[in-house]
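Across the two complexes that follow, chain A remains constant while its partner is chain B and subsequently chain C.
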Partner chain A sequence: MKLKPWTPLGIAVILVSVLLALPAVLIVPMSFSSGSTFQFPPPGWSTQWYENLFSDPGWRDAVLTSLKVSAMATPLALLIGTLASLGLFRMTQKLRLTGMAILVSPLVIPNILIALAAYAFFLRMGLSGTITGLVLSQTCLAIPFVVIAVSARLQGYDRSLTAAALSLGASAFTAFRTVTLPLITPGIVAGAVFAFVSSFDELIIALLLQGPGAVTLPVKMFDSVVEEADPTITAVSTLLVAAVSAVILLVQFGWISKDPQNKKGQA
Partner chain B sequence: MSVSLPSAASADAIDTATTLVPGGLDPIRRRGGSGTSWHAVLITCVLMIPAAVALGLLFFYPLVEIIRLSVTEPEVGFGNYIELFADGYTVNIVLRTLWTAFVVAVVTIALAFPFAYAMTICKPMTRAVLFTIVLIPFWTSAVGKNFVFLALFQRNGVIDTFLSGFGIHFPLIGTTLGVTIAMSQVLLPFAVLPLYASLGQIDLRLVQAAQGLGASKFVSFLRVYLPLSAPGLVAGAVLVFVLSLGFYVTPAMLGSPQHALIAQLIMARVQMVLDLGGAGAIGIFLLVVTLLSLGLSRLVAARVTTGTTIGGLK
Partner chain C sequence: MSESQRQGRIEIRDLVLQYRNAASPAVDSIDLTIEPGEFMTLLGPSGSGKTTTLNLIAGFLQPTSGTIRLGDRDLVSVPPSKRSFGMVFQDYALFPHMTVFDNVAFPLRRRQRTRTDVRTLVNDVLDRFGLAGFESRKPAELSGGQRQRVALARATVFEPSVLLLDEPLGALDRKLRAQLQSEIKKLHRELGLTFVFVTHDQDEAMFLSDKIAVFNKGRIERVGSPTELYDDPGTQFVAQFLGEANVFDGSVEEGGDYLWNGERLRGGAASGDQSLMIVRPENVRVSEQADVAPEWNAVAVQVLDVSHLGSSTRVDFRFGDGTNGTARLDADPTIALRSGDTAWASWSPRSQRFVVPDREPAAKVEVAA
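And now, the complex of A and B:
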């Protein structure tokens, strides 16, 4: 059915669309403001906040810390989550559902409680205010995303493919490497993107576990608004929107063209 | 896709058979030929070990520790929990949080419903566009999104100036109203996505049948479509409600200590006075409310599903 713009439904869809896109769209002009306050609309144009972002060591360190944390937490979560998904796949239906519920529970439990628990734990372990503490807790939060993405992919996996490889003389590992792995790769890639974005953008745990040398970008952004009223945050947000859109579009296109299961469906 | 359906179905049938007859399975078909059954079980266990260690040590153990702290710090007993309801201050914050989360859930569902419905009936091309729009909020950092609302809501900001033009003075910064509006925007995708998944499963021919039998468009919507969409509505609303309960960024950036929500209270207890026991008690209370809401939604969904379809879709 065609959705017509000037019906009540069409108008509702347009209004909700505007609402959904509003912050991402407004942050761009705000980042080129020549004003020195959070003024909207901007009084004039300049690139001062971008210059500030790249010259201020505080902002630069925060970007590097966040990249470091995500770059370590993502592969960890990917390895742990993928292995666990493969384990779940080998279980009976009942066990699998229980295991899944346990593995995704970090998504259900209020983040603020997870942050509190992690803080109390790392405080005692002497890991509060360290990069290690941040990496470990972000890994835990990212595991559910990997498990969901890889399991979704495994759900459509035809077990007889593995059986065929084995009956043709492949070892269990070779069968996994040459048959199973290529088929679940899109799930792993999607899991990696989710894991990276979630660990890069996580605020609450990072806020509690922060310390000198362990201030992530979201924490720096949060502090810059709440404590310093520094509009550099608009430049950071704009760059993040651009970077994330680029990654997502790349993954989406690269993934559709390389997806072996899609090709099979079309044949 | 339909090509792989029969084999997927047979794999499921084998699954069912194995659960019914323990040990009575063909090891090659089911376990990928890795030898005896205990060997296969061992491999499964090895695959789960990293996740068990990581989540057990870094997630479940700290949670249990927080429960322990909440009943032992500063002294043994349920003092922290009693204080929660006795000091008169905390109870207000709890009620305000529950109310805010409820309003946010209702507002997001009301906004998400027409959008998700349009997604189910429109052309594939339009659907792809709408889907991308729903995902845009995920591309923007949480702090960035709330910052935009801060700039819009601030005193002498666009909205304030606009309203003053009509002689209306309605502060949106530091108030629960402003927090509610911003939170509804931030959580809107979490209402649209489950709602879309559930509305897509409704057979629109049922609505046509009702109209064919003489029902008006409005009546067929009210008596046929709305009851069928109830599980999705409840699931989406509960998800948003639960996420709102522990929300920190929006109230911390747009709200005020005078109109604090639970998450701000927990943060303040930890950051200012390092009262882990007290903060833990509030956190555990939050968890209990969350689990109760989720359980309730599952119950409602199960009841509605068994009433309308047989052997519901997974």
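And now, the complex of A and C:
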């Protein structure tokens, strides 16, 4: 069905899209403002906020810390989440649903509760205010995204493919490496993107677990708005929107069009 | 006879698979010997244990007890990847992310064959299956018949001693099915491998097999050649699963006659448990008068339906005891019988067979799986 733009449905779609995308679009001109307050439209143009972002050690360290935390939390979440999904896939329906509920629970539990629990626990373990503490808690938050994406992929996986690989002489590991893994890779990639974005973007836990040398970008952004109303945040936001959009577009157009299971569905 | 062929004898002894929370075993004390080069079909309705038995042979399931031997090797502790059986799956199980070439090369690469070997062997086998030119296609870009051929090529390229086929034609339409049945039969002749073929389709089993093992409720009812099983089924289940049968539930008289529904039928040669008498529809004649051959048995029936099937005419009727029966006559478009008529069904005592009744009371077996 082709959607015509000037029908009530078309207009509703356009309205919703504008409401969702407008803040992100308005941020871009504001980040190139020559003024020193959040003004729209900007009084003039400059790249001062970008310069500030890269020259101010506070902002630079926050970006690096966030990248470090996400870069460590993402592979951890991928490993645990993918293995957990594979394990769930082999269980009976009842166990699978129970296991799934437990693994996805960080999505349901208010982050502030997880943050408080992590804070109390990490304080005793000496992990509060450390990168390790941040990585561990962000991993826990990112696992649900991986489990959901990979499990969805496994739903469409035909178990007889593994049996076929075994019957043709592959060991269990080779069967996984050559058949299962390539077929669930799109799920793993999607999980990785969501895991990375969720941990890069996370504020509440990072706020509670922060310490000297462990201030993530969202925490720095929060502080800058609360304390100094620093327009550098518009430059950061613009870069974040651009980076995340690029990754998501890459995944959509790069991966899904090459997806063998998708093709099978069309045939 | 090559080495791999000599090795192809499969001996199954007292094989049992009992799932933990199932009331009865999925496979119940099965004994079966499959000779090298034989085409053995495991035939039965769904849930009868035939596919489970194939999966036990393939090694995807572990038996609760019993042995499976290939030649002089005990297989039970051997993982599926080391059994070296070719296997063709119901839904082909081609690797969707690999080309036809890579699919067929898969078992060779697992066996560390050289690149040159792989290329030569794969191209040879693709030629044999009429798939030359399709090397770089993905499975999704092939027709159902082509996928089936790729699956067969992949399962035979590494020269296994045994080929296991799990309802490989189930997903195809009738015409393609018939064509691939002929191809599988030809392949069996050419390769000389042992084939173990699972199906619920009795015609397919009759057409393809050297021997058929008929499964029912986890047990093997009978093993034999298609003609043996059809001509002398031995049990009511086999009689009704392989073709149709008119069933007479009576008893053998002192004099050797068979007493059924108050009538004395000639030639009651039943023995032991074989208390039911059956007659195949093609051995029954139906006529309006009782003018039958002198030695034949004849009973009055009520005609229910007359169907013209092209090459034959089928008459369905009801016996005096209320059970239904069928006769298949030579095509006779001018037949005078009509639904509701009273007629005579007759047959030669020589076409009568005696069978063991089903453990449960005689019920029409559900053929569709």
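As a convention for this text, the second predicted complex is superposed on the first by the 253 of 267 C-alpha atoms of A that agree within 3 Å, B and C clash if a C-alpha of one lies under 4 Å from a C-alpha of the other, contacts with A are read in each partner's own complex, and residues count from 1 in each chain.
Going forward, a contact is a pair of C-beta atoms (placed from the backbone, for glycine too) under 8 Å apart; a residue touches a chain by one contact, two chains touch by 3 or more.
As the structure is a computational prediction, the values presented were derived from the model and not from experiment.
J.: Is the number of chain A residues in contact higher for chain B or for chain C?
T.: Of chain B and chain C, B contacts more residues of chain A.
J.: Check whether A:163 is in contact with chain B, with chain C, with both or with neither, and answer first, second, both or neither.
T.: Touch partners of A:163: chain B and chain C.
J.: Would you sort A:225 into first (chain B), second (chain C), both or neither based on which partner it touches?
T.: Once the two structures are laid over each other on A, A:225 reaches chain B alone.
J.: Which holds for A:145: it touches chain B only (first), chain C only (second), both, or neither?
T.: Neither: A:145 stays clear of chain B and chain C.
J.: Just chain B (first), just chain C (second), both, or neither: which does A:179 touch?
T.: second
J.: Return first, second, both or neither, reflecting whether A:106 touches chain B, chain C, both chains, or no partner chain.
T.: A:106: touches chain B, not chain C.
J.: Show which residues of chain A both chain B and chain C reach, each in its own complex.
T.: 158, 160, 163, 166-167, 172, 175, 264, 267
J.: Could you please specify the touching residues of chain C with respect to chain A in the complex?
T.: The contact residues of chain C facing chain A are 58-60, 79-87, 89-91, 93-97, 106-107, 110-111, 138-141, 154-155, 158, 164.
J.: For the complex, give me every residue of chain A touching chain C.
T.: Against chain C, chain A makes touches at 158, 160-161, 163-172, 174-175, 178-179, 182-183, 260-261, 263-264, 266-267.
J.: Quick one: in the complex, what on chain B touches chain A?
T.: 1, 3-4, 7-8, 11, 14-16, 18-19, 28-34, 40, 43-48, 50-51, 54-55, 58-59, 61-63, 65-66, 69, 111-112, 114-115, 117-118, 121-123, 126, 130, 133-145, 147-152, 154, 157-158, 185, 188-189, 242, 245-246, 248-249, 252-253, 262-263, 266-267, 270-271, 276, 279-280, 283-284, 286-287, 290, 294
J.: Report the residues of chain A in contact with chain B in the complex, numbered from low to high.
T.: 1-3, 9-10, 12-13, 16-17, 19-24, 26-27, 30, 38-41, 76, 79-81, 83-84, 86-88, 90-94, 99, 102-103, 105-106, 108-114, 116-121, 136-137, 139-140, 143, 147, 156, 158-160, 162-163, 166-167, 172, 175, 197, 201, 203-204, 207-208, 218, 221-222, 225-226, 233-234, 236-237, 240-241, 244-245, 248, 264-265, 267
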